[in-house]
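Take a look at the structures listed below.
Below, chain A partners chain B and then partners chain C, in two separate complexes.
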Partner chain A sequence: MTMLLPKFELHQPTTLAEAVKLASAHAGDFDFLSGGTDLLPNYKCGLNAHGHVISLAHIAELKTITRDSIGAGVRIVDIERNADVPRSVAFTAGQIASPLLRQSGTLGGNLMLDNRCHFFNQSYFWRNSLGYCLKADGDRCHVVPMINEGGKSVLNNKVCVATHSSDLAPMLIALGADVTFAGPDGSRTIKLNDFYYGDGIARFEHRPGEILVKVTLPKSAHEVRSGYKKLAPRQSIDFPVAGVGIALELDAGKVKSLRVAVGAVDTTPVLFDFSKPANVKALSSYLLTDPYKNMPDVMGKQLDNALIETISKHIQTQCQPKLNVPMEPGYRKKMCGVLTRRLLAELRDGKTV
Partner chain B sequence: MPIVQGSGSTRNEHQKNKGVWSDSGSPGVVANSIIGKPAPLKDSLKKVTGEAVYADDMKFPGMLFCRILRATVPHARVKRLDITKAQAMPGVRAVVTGRESGVRFGVLPVSQDELSMAQEKVIYTGEPLAAVAADSEDIAQAAIWAIEVEYEALTEFLRPQDSLKDVEPAQQIHDKVEKKHPKTNIHKAVDQEFGDVEGAFKQAASTPNASFKFDGISHGFTEPHAVIAHWDAEDRIQLYTPQQVPHYTHRALAKVLDLPMHQIQVIRTTVGGGFGGKSDPFQHEMIACMLARNTRRPVKVTMDREETLLTGRGRHPTESKVAMAFDKDGKLLALDSDVLIDGGAYGSFGVVSAYYNGVLSNGPYLLPAFRYHGKRVYSNRIPSGAMRGHGSVNPRYCTETLVDMAAVELGIDPCELRLRNFLPPNSITPHHKFRVTSTGIREGLMEAMKRSEWSKKWGKLPYGHGIGVGCAWYISGSALPIHWNKLPQSTVHIKIDMDGGVTCHSLAADIGQGSDTMIAQIVAEVIGCKLDRVHVKSTTTDTAPIDLGSYSSRVTFMAGNAAREAAEVVRKDLAAAASKLTGQPAQYFDFAGEEIVCRSKPSVRVGFMEALHEAQADRGALIASGSYQSPPLGGDFKGSNAGLSPSYSFSAFICELKVDPDTGFVQPIKVWAAHDCGKALNPLSVEGQIEGSVHMGLGQALTEQMRYRNGQMLNANFLDYKIPTPFDTPEIEAIIVESHDPEGPFGAKECGEGALAPVIPAVGNAIFDAVGVRMFEVPMTPDRVLRAIEAKARKEREA
Partner chain C sequence: MSKHILRFHVNDRAVEVAVEPWHTLANVLRNDLNLTGTKIGCDMGTCGCCTVHVDGKARLSCLTLALECQGAKIATIEGLNEYEIHPLQRAFAECGGSQCGYCTPGFIMQSCAMLKENPDPTRDEIKAGLSGNLCRCTGFMKIYEAVERAATEMREKPVSAPVKA
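== the complex of A and B ==
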């Protein structure tokens, strides 16, 4: 039950190229360390610790912040206090963890946060008492013990439902942000929303040796109405147990575009893109939430209270949180609707953070 | 901070009651130059600069590190425990198991049910089974995981209701259970009835009743448990431990280690918060000593947060059915309560908890008829124990909620109804014979009403915005010691030598509540010297006279009185010296500002040092001793000792808050907290105690709960155990009420515990005022509040 840090070799590269090389050299047995606020507590619990830790703290290329792009190594507090990034992004940064943790946590760390589950985020002793789980040291899921396979109920030794608990991810996804990676084969840029994929273990589409370099915001991020609302047991320090980020464009009160991203209710953030429901990527088969099933057509419609209610109800209906983080799933589901309703009304009425 | 003078009591009234009232009020003239003035706590600079030494900071040459193997199942027979691999590991110096000692211990002589390490069976997930001392923590931990254990499952008792059932002896968690229920897992049953309860309910105009449920909560102290034991070359054992009650640990060590007490020295290290959670003698204290004995080297145990939470002793999970009866004018007629208390794996302070859950409902209102059935049960969960407001907090929520319900039903303002029922000063409760000397609760409630603008707000705020009230009382020191003997409950020694330093020795544990400062203030006041002359040594059993320690809110009252008595001996010596130097009669001197001044001729005065040196002539250092023992109190029925105290504190709190009807979130806006502490010896410290109590009470009210999955605590860490942050904490207005207790030192009573209980019902009653729902489950989490709001809406739709 010790909280001692396991032994590992620490690497401290000063350039991206060097870091990529180290990552390739230690493929399969390393973790990147940025602020350490997520990784080190997990290591102390003996959660999937590796023999090598590659610190990204000394790489200047990761630390630039401009109006349109934020380096992965930028501290949360520096986003929170930046006057040039969209207000909704700065506000969301200020909702993360506590003032002290925001001094060390980084953007990259928040986006690549390990998924959370009350059967996973426990000490070695605790997990030993319970019997380990799929996500660390074990072969079963204690949250969803049985799954349906070919019409039969079988032991769930496949799908992890641990919750993705980032605050910034849903906000940035709603704004349509891109992420850029540096890797052994050069750099690539994809939609942040396409990055998240898979169950509570796989979590994202991350290629070997790749390092998250920056998040780029589209020009529209500064123009749309956007905001974030977080549900957490306390007003500081807690991870979200539901979080709603919205980017909305209105034309004479009518919906021109609407993207709602919900965090902390599934294994990845879930984007409800009301603007282009017909043109969405194939959803991960793991994702429990299906945003596009029975999605109401809202485009060009007056965003009155009735329409807001329709949108909120849809989101509430589709979100399928599990009993694996604080607060009951039924309650969190209901709150997805409440947060959406309130945020949409605020954005419509021009209330800004 | 406002200080309100209570009209509590007068000396004359007490003298009318000779035989009942013992008079230990402070004689002579005191200058009040130090008492009643805000004084920063004497150890505060050390704490804020990091200089304070906690047990985990200490290092000794050759020190070994200990880790403990804990049970991974709630209730099982230990079929095999194999330590051979652990013993063989390089760097491992000793491994101990339950075979080391079969001696059972516990804080109460009637519940000696803890083993240092489990033997044939384990009784909760987290119970110590074995321990390793090694050259490093890493090695010790690796050795722990090398120990092989095989279990054979036994029936698990994870709901308190299951513990009420008759079972086979093999399924009983402990051999010794309540005599009245020999086949169950009931630890202690209390059944009391006084007055005509049935008759009261028959004639009542209002009989509110409800079932309540309270989750267990933890003290949440900052410093995890950490101790060091050292068995020295002279065959004496030293135990460094952050104990609230070094004396009981001292006794338990002597029993378990089979040593005379004088061969053991207990040294209290800086205590990083206790709140009751460091007041039992602990298994890890025994284990450290055993490993030190076997290795002859110092051994340190430092727990992590999870182990600290598993060690437990927090507030009992409780389920209560309570009914009250009132007449049409709101006069309280009777209380009938049935309480099921989940004690977890050990007895701990549980016998006291079983009584307190009932008998402490005999105040702050006059209660003509009383019935109580309380059962404290053993279960295979984390042991419960004493926590700030021990035994009074959960039942107080029940009664204050029902009082509020009666007020609404009878159409009487809830504050007004309370004012009609308060116990008067200089009175004795009808059945339990609790002696109320002073009370300022009436003044306190009226002041809180005035400051909160209660009359303009209650029942008049818009939907979602409410105000509520809660009142409480608490013992100011348990009148009966845990170990029955004739020794004083507190003794203080003073030594003053020619350097002019005043050294006070006491075993009252400063656990952050400021008892060292309190003793220094009292002594400085009595002998008229500056506060910084006085140094309090309160850590070491070799030098400190016995004090029963920091529990039951006893320290200011009892150790304070002992300090005052000792200081008066010194004062007499100094007065005699001043008399010798000036030729004036000794009884004519006043003491203040480092001078001893002749009352009739103020120009005749002697400096403190001059008088001291004169007093020391031919005898050296001045030595004095003072002590305190409670007067005989109480009735003569079984269990009459429980709840007796030489004095009681009183409090009246009002809370204003907002409830978000869509999310169920409760946001406290302000708490007006009036607490009658008799006399604020140190108003700064009293204010801190009130604010701390409010914060802690709000935690239990809104967010804190020990959550379980089977026998495992789901949230044994400070991310998931939700203590309110500064953002969750409202403005707190501490209102100090002074009722000048006739027997407290300079009139003082307790303020460390009693101020917690009223917060929770004030919140619950304010939620009712805000959204019209009664909360019967604590904590009042958003999902519970929302469920109550939705249930009400559903009911109204159906109606």
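== the complex of A and C ==
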């Protein structure tokens, strides 16, 4: 079945400066295209298509990969096969979609993936029959139709709960990666975790016309015990319906630092940083996961099975998957705990991927 | 918005064609160049039917904009081997790896790219390599057998005319 792409103008800049200039010139009516594995299917369904597409595939500055930094234009297959990046990152890259999609998809595209929902990722005809949804063309959410506002139950026309389904994002967040952007006002670097913010429509703290240039890994990323576990209906092709990335440091069996990032259960990846639960951004909505509510104190304690159980229980309790991607939310919620428990035990016992 | 000239090589022939910016490589190969061996299945990147080689790498032509292939070397199932049947094609036919045949061009192009990188894959490596291609007829076992047989044959007697592009 051929699905026609909507009409657009394609721009193919060869330098970053040129791309930034094009983005400013077409502000509000463009999308960046890198691998095309996420954007083009969405365009084919008529989801928020724009009149201009700026291709980032010919910009050499985005394609460098070293031990400590990965360019946003690096193809996922090249991360998977790179011997210099941390093993856990290469392993996670190998878990994404299928070999063919990894050949096209890029790191930047995976991190900036559009959020997914049963009511969003559908054909125009399908969505038309239901009166569209909050994220595209419509004015109400079908997943959470009513919300509590000032003690009253009102129609939800504010909060989109579409799921962020990236595999690399939780792993890189757990490792404490930074992201660098180039924009009209110069470049800026922020923590990857701070970049994800808000509901399924806002998704990022992204300034207009900015381009993701690279992801920088801290030196510790090569030293900590880290790993990723993914839950998906099939082993290949599918998006995760739950994914747990962990970075763990042990000092004689005692927890020195522990960062658990859970993906595909909320509108952004959720970081459970057991090392420093203070100084956290206020959440945009009570519908979203609050990782620091009743967080157990695990620092300096022996990582035995009982402590692993406490940690995984906390993560299971706090994750709030919604019924908007395959598999039941209850099962996914439970599996967040199970994946955390299995992965923590593996990391403690020194099993590597 | 207007058509742009796309100059590239398809199956070792220089081609010049005017395409719209929103046309995918699969559209151009099938509609403009009449190379209908490349099939369009899901058109969303999940079935692998539309696999072709772009500069020697297996790529999904339904998720590749035609203009992004400016100057590239494309190989489709038609250009796999011009003068005699390719060992992969023969093995798929002999092992029953092709039934309705719709997914076969995708499977063969992906297998071909896989065997170029790894001429002696294990059954698990074949399964992993072909995990992005879907077949609804054969149940996959015959396809894995076909790829194993073709790999053996290609190791013993390399293909006379090398795979194009």
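Criterion: the second predicted complex is superposed on the first by the 345 of 353 C-alpha atoms of A that agree within 3 Å, B and C clash if a C-alpha of one lies under 4 Å from a C-alpha of the other, contacts with A are read in each partner's own complex, and residues count from 1 in each chain.
Definition applied: contacts are C-beta pairs under 8 Å (C-beta built on N, C-alpha and C of every residue); 3 or more make two chains touch, one makes a residue touch a chain.
What you see is a predicted model; the values in this text were computed from it and never measured.
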Worksheet item: Which partner does A:Glu328 reach: the first (chain B), the second (chain C), both, or neither?
Response: first
Item to complete: Applying the touch criterion given at the start, work out whether A:Ala57 contacts chain B, chain C, both or neither, answering first, second, both or neither.
Response: second
Practice prompt. Applying the touch criterion given at the start, work out whether A:Val338 contacts chain B, chain C, both or neither, answering first, second, both or neither.
Written response: first
Discussion item. Under the stated touch criterion, which partner chain does A:Ser123 make contact with: chain B (first), chain C (second), both, or neither?
Written reply: first
Worksheet entry | Touched partner set for A:Pro233, first chain B, second chain C, both or neither | first
Discussion item. Under the contact rule defined above, give the chain A residues that sit at the interface with chain B and also at the interface with chain C.
Written reply: 1-4, 98, 235-237
Worksheet item: Okay, in this complex, where on chain A does chain B touch?
Response: 1-4, 98, 118, 121, 123, 125-126, 128-130, 231, 233-239, 326-328, 330-331, 334-335, 338, 342
Fill in: Complex contacts: residues of chain C adjacent to chain A
1, 4, 20-24, 26-27, 40-46, 48, 51, 57-60, 62-65, 67-68, 70, 110, 128-134
Practice prompt. Write out the stretch or stretches of chain A touching chain C in their complex.
Written response: 1-10, 12, 33, 35-37, 40-41, 44, 53, 55, 57, 97-101, 103-104, 235-237
Worksheet item: Along chain B, where are the residues that touch chain A in the complex?
Response: 67, 70, 72-73, 125, 137-138, 141, 304-307, 662-664, 703, 709, 712, 714-716, 719-720, 722, 724-728, 781-783, 786
